[in-house]
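Naming follows writing order (A, B, C and D), and every chain is counted from residue 1.
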Amino acid sequence: MPTPATLVALLHGPDQPGLVAKTSGWIYARQGNILHADQHRDMEAGEFFQRIEWVPAGTGATQEAAELRAHAAALGMTARVALSTHRPKGALFVSKEDHCFHDLALRWKAGEYAGDFACVISNHPDLGEAARHYGLPFHHVPVTPATKAEAEARQRAILREAGTEFVVLARYMQVLSADFLRECGQPVINIHHSFLPAFAGGKPYHQAHQRGVKLIGATAHYATAVLDDGPIIQQDVVRVTHRHGVEDLVRKGRDLEKLVLAQALRWHLENRILVYGNKTVVFD
Amino acid sequence: MPTPATLVALLHGPDQPGLVAKTSGWIYARQGNILHADQHRDMEAGEFFQRIEWVPAGTGATQEAAELRAHAAALGMTARVALSTHRPKGALFVSKEDHCFHDLALRWKAGEYAGDFACVISNHPDLGEAARHYGLPFHHVPVTPATKAEAEARQRAILREAGTEFVVLARYMQVLSADFLRECGQPVINIHHSFLPAFAGGKPYHQAHQRGVKLIGATAHYATAVLDDGPIIQQDVVRVTHRHGVEDLVRKGRDLEKLVLAQALRWHLENRILVYGNKTVVFD
Amino acid sequence: MPTPATLVALLHGPDQPGLVAKTSGWIYARQGNILHADQHRDMEAGEFFQRIEWVPAGTGATQEAAELRAHAAALGMTARVALSTHRPKGALFVSKEDHCFHDLALRWKAGEYAGDFACVISNHPDLGEAARHYGLPFHHVPVTPATKAEAEARQRAILREAGTEFVVLARYMQVLSADFLRECGQPVINIHHSFLPAFAGGKPYHQAHQRGVKLIGATAHYATAVLDDGPIIQQDVVRVTHRHGVEDLVRKGRDLEKLVLAQALRWHLENRILVYGNKTVVFD
Amino acid sequence: MPTPATLVALLHGPDQPGLVAKTSGWIYARQGNILHADQHRDMEAGEFFQRIEWVPAGTGATQEAAELRAHAAALGMTARVALSTHRPKGALFVSKEDHCFHDLALRWKAGEYAGDFACVISNHPDLGEAARHYGLPFHHVPVTPATKAEAEARQRAILREAGTEFVVLARYMQVLSADFLRECGQPVINIHHSFLPAFAGGKPYHQAHQRGVKLIGATAHYATAVLDDGPIIQQDVVRVTHRHGVEDLVRKGRDLEKLVLAQALRWHLENRILVYGNKTVVFD
């Protein structure tokens, strides 16, 4: 049977009695059918978080989404509502390393994602042919310290033109400015090749090898103006020993980076992530 | 602040629209405050599962529990309701191996469990002194093929007298009969030292070594009349290599068994497990 | 600096005093420089295993390899010797599922392997274009019960023509006959989508879902005449919950299968695996 | 059959051709029987490391140990040689937290360690009775900023008297001074409750919760004068989610700390660890 069109709402706001009942009651009263509902309360912060997915009846889905937002506002909550029929478009930023790029493109081709890639932007020309092979427009935007502002303006123009709603930094080896992040107005998911907050900054595998750690990690997070400090979405680690040189860490790390970034994007596109402060709630 | 008394309900029954709204609405209408709510629907089986924890108001908790069961029944669901003020008592069955026994006893002493051990039953006298050191009455009930029925009768009498509501087989090296399981009328949690269904039956570490597997496992499950086939609660594995002999597997396995059994019991006592058919839903 | 040409010997035979000294002494006496040496003795079986990698001096590498084999034979041991300058060629067998295929092809392109793929053989035409994109000759060899013997003869002919020394079954959904395995005369690495020996045979993810396991696994092994029973090379697992349906297991399993098969092939091509009986020694 | 007395040598020094052959040849020439041999070369540092275990013949083991040291010195290497018949004694330092303490004591009682605990030293009286229950002398040595030097002098006196050769800080909540570490003249193994170098210093679980990490870790390392910076022996992590408050991290962390510290001590007592610079080689 075909999956029916659904709505997914991510709500959060100050905790108060009855929030679960009020929202599920609101949906039920409109003959909606709740498929999944998950909630969390942060006891310390007194904050309530909810993800609810339902099949709406009656009025169209867009109308229902607007009304749910009004319902949430009346309860003092912020709501983001997504329609399963809407597939957001996103941009892939890459440099020369291609493992995350291929991994994401193949998963997209295999139908693993509830969204689409619309273009690839790179500061190097290397992955142009591969991008085109996947049917993705490729934009080579070189970046130097002197031309950074200009390059970022061009990147933003490409995003606007492509109508993207999210950006994935698939081992893009440039730091995006605070200006870019603010003005692009869309979430930017980055993969950092260490178990943050350990080994933030450059050359994390070299740092890890130097320190003699027994596990190396990778961290997917939303990029913020502070480097490697944004809300963490997903992390994983793999065991290493004294036998592994820096090159082995790099190779082993590639598999980690692919898995961690792929999972983070999947959750993002399924509207499973709520950011609050510098942390995330992931309704897995 | 002191944690308020709460109720935890585990409900399940045929899926139908409005179940989330109806139960959360029922609690809210009675001024209850929902702390946690988690639900699951098995799309294939058309079954709905819910765990809901709330602070009741108005009538006493016992009364509220009874009424919730009636509410669930009216919706065609079965409900089990537990009061956080009630700490169930349980029995530990052991033989000679003491690692799971010490681990559970120390966790209990450390306050990790929402229940208490009331007694230790063993077919060997070896752990008597250790049990008494933890303040636990120790019952030595030898078992031979000839005396098994009699021994099980005595075990059931001990459970009755101690008022237990659950049994943990902490490496108890005897198979309990179908009669015992049925007549004792309480859940029996077992730890099997393999990744079931691989290596069911006796000497699983020898079987694993023989087969040359690269991971060994442990499985906590509810005991049923069919050996090693009951609903699985928790499983975990650890990596092994050709360097590990059977003795190493046994030693490594001990750590696995402790962790897996301890986690299963924790979930059981926090009323997080719903059994249906031969599977479990664990609201973690 | 360029890595010097090395030799890798895998030796095994009945244990006896002095084996480590005799072989390392033999190499040293010929002015060879040992880079890595690893050994293992199976105490129960009284068997000695060794992997030793060295830079030979004097006579050419091919000559040294032959002499090492004679040296080993004189000690009652069997030796396989590989030259780092020799890159073995292999065949990829696939059906319709493409995740392992792309993963292996991309790793090969990225230079992760000490060998090369020479061709792709499939019982379906689906992956033909993708294979050619990677520069790999694609052979569509349909298989039906009636034409199986004939199809296998053709497959063997393709292997002979391509000069392959190993075969990888990258989710090839056909069982190779005992005849094929014997006559093709080269190791065949298979990926099975379960934690063997659990869920051998067909539809392992369905079996796993049915049984309600909390971990699913994948197993890379050398194919033998007995289905899913060959020497295990590598295994791994990933956690699943009641929330995961069969489709989720399939999706999560794909990542496992890729990693486990990729690792097994890597070890095979680096001459790290010794098979004895139905088990492997992996000098990691 | 009884395990024969063995010698274990840990050697390291500048790499040069023939080291493997020379040492294995030396042992073989004396009719020793090598049971295990493992080596590692750090290509960057040009350093060679070896662990070799053998059954000596002829002269007594003590004599053989001395001669092996001389043999190593002649090759420019440093050697530490241990006799399997010698069981080193160690001291456990504890404060109030008892999970690592019980875990280590029970493993010791279960025969998992190639050494013995000789005494327990604590800055609090709380674990006195438990220590005595395990048959371990308990020394209550209070520590205040004003009395720290004095307290450490007393601690060193206790170690001297007990004849200890190693110290384990089993969640000892005091920083030992550089003076103490130098003057006690024996390895001190510490367990830090984070994945170092992330969250060094105090209250690591609070730091981890604050940062919103998705994995928490534990690290066993040799204590050095720089806090939480000594050579790492073992690390492990466990997954956490937004549902876990600080108390959950603490509870989950306890299991990690036990496993990681237990493993580190096991390796130490089996003479599997070579420290060089700020890193370790662990011959697992």
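Simple rule for what comes next: a residue touches a chain if its C-beta (ideal position, glycine included) is under 8 Å from a C-beta of that chain, and two chains touch if they have at least 3 such contacts.
The UniProt protein names, listed by chain, are A, B, C, D = Formyltetrahydrofolate deformylase.
Since this is a predicted model, take the numbers as computed values, not measurements.
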| item | value |
| --- | --- |
| Chain pair repeating A-B, as identified from C-D, B-D or A-C when over half of the contact pairs by residue number coincide | C-D |
| Contact-richer chain pair (by C-beta pairs counted) among B-C and C-D | B-C |
| Gap in Å, rounded to a whole number, between the CA centres of chain D and chain C | 38 |
| Rounded Å distance between chain B and chain C, as computed from the means of their C-alpha atoms | 42 |
| Junction residues of chain B - those touching two or more other chains | none |
| Touching residues on chain A, where the partner in the complex is chain C | 98-99, 102, 106, 110, 112, 133, 251, 255, 259 |
| Partner chain A, residues of chain D touching it in the complex | 40, 42-44, 49, 195-199, 211-215, 217, 231-237, 241-243, 245, 278-282, 284 |
| Touching residues on chain D, where the partner in the complex is chain C | 17-18, 20-22, 24-25, 27-29, 31, 33-39, 41 |
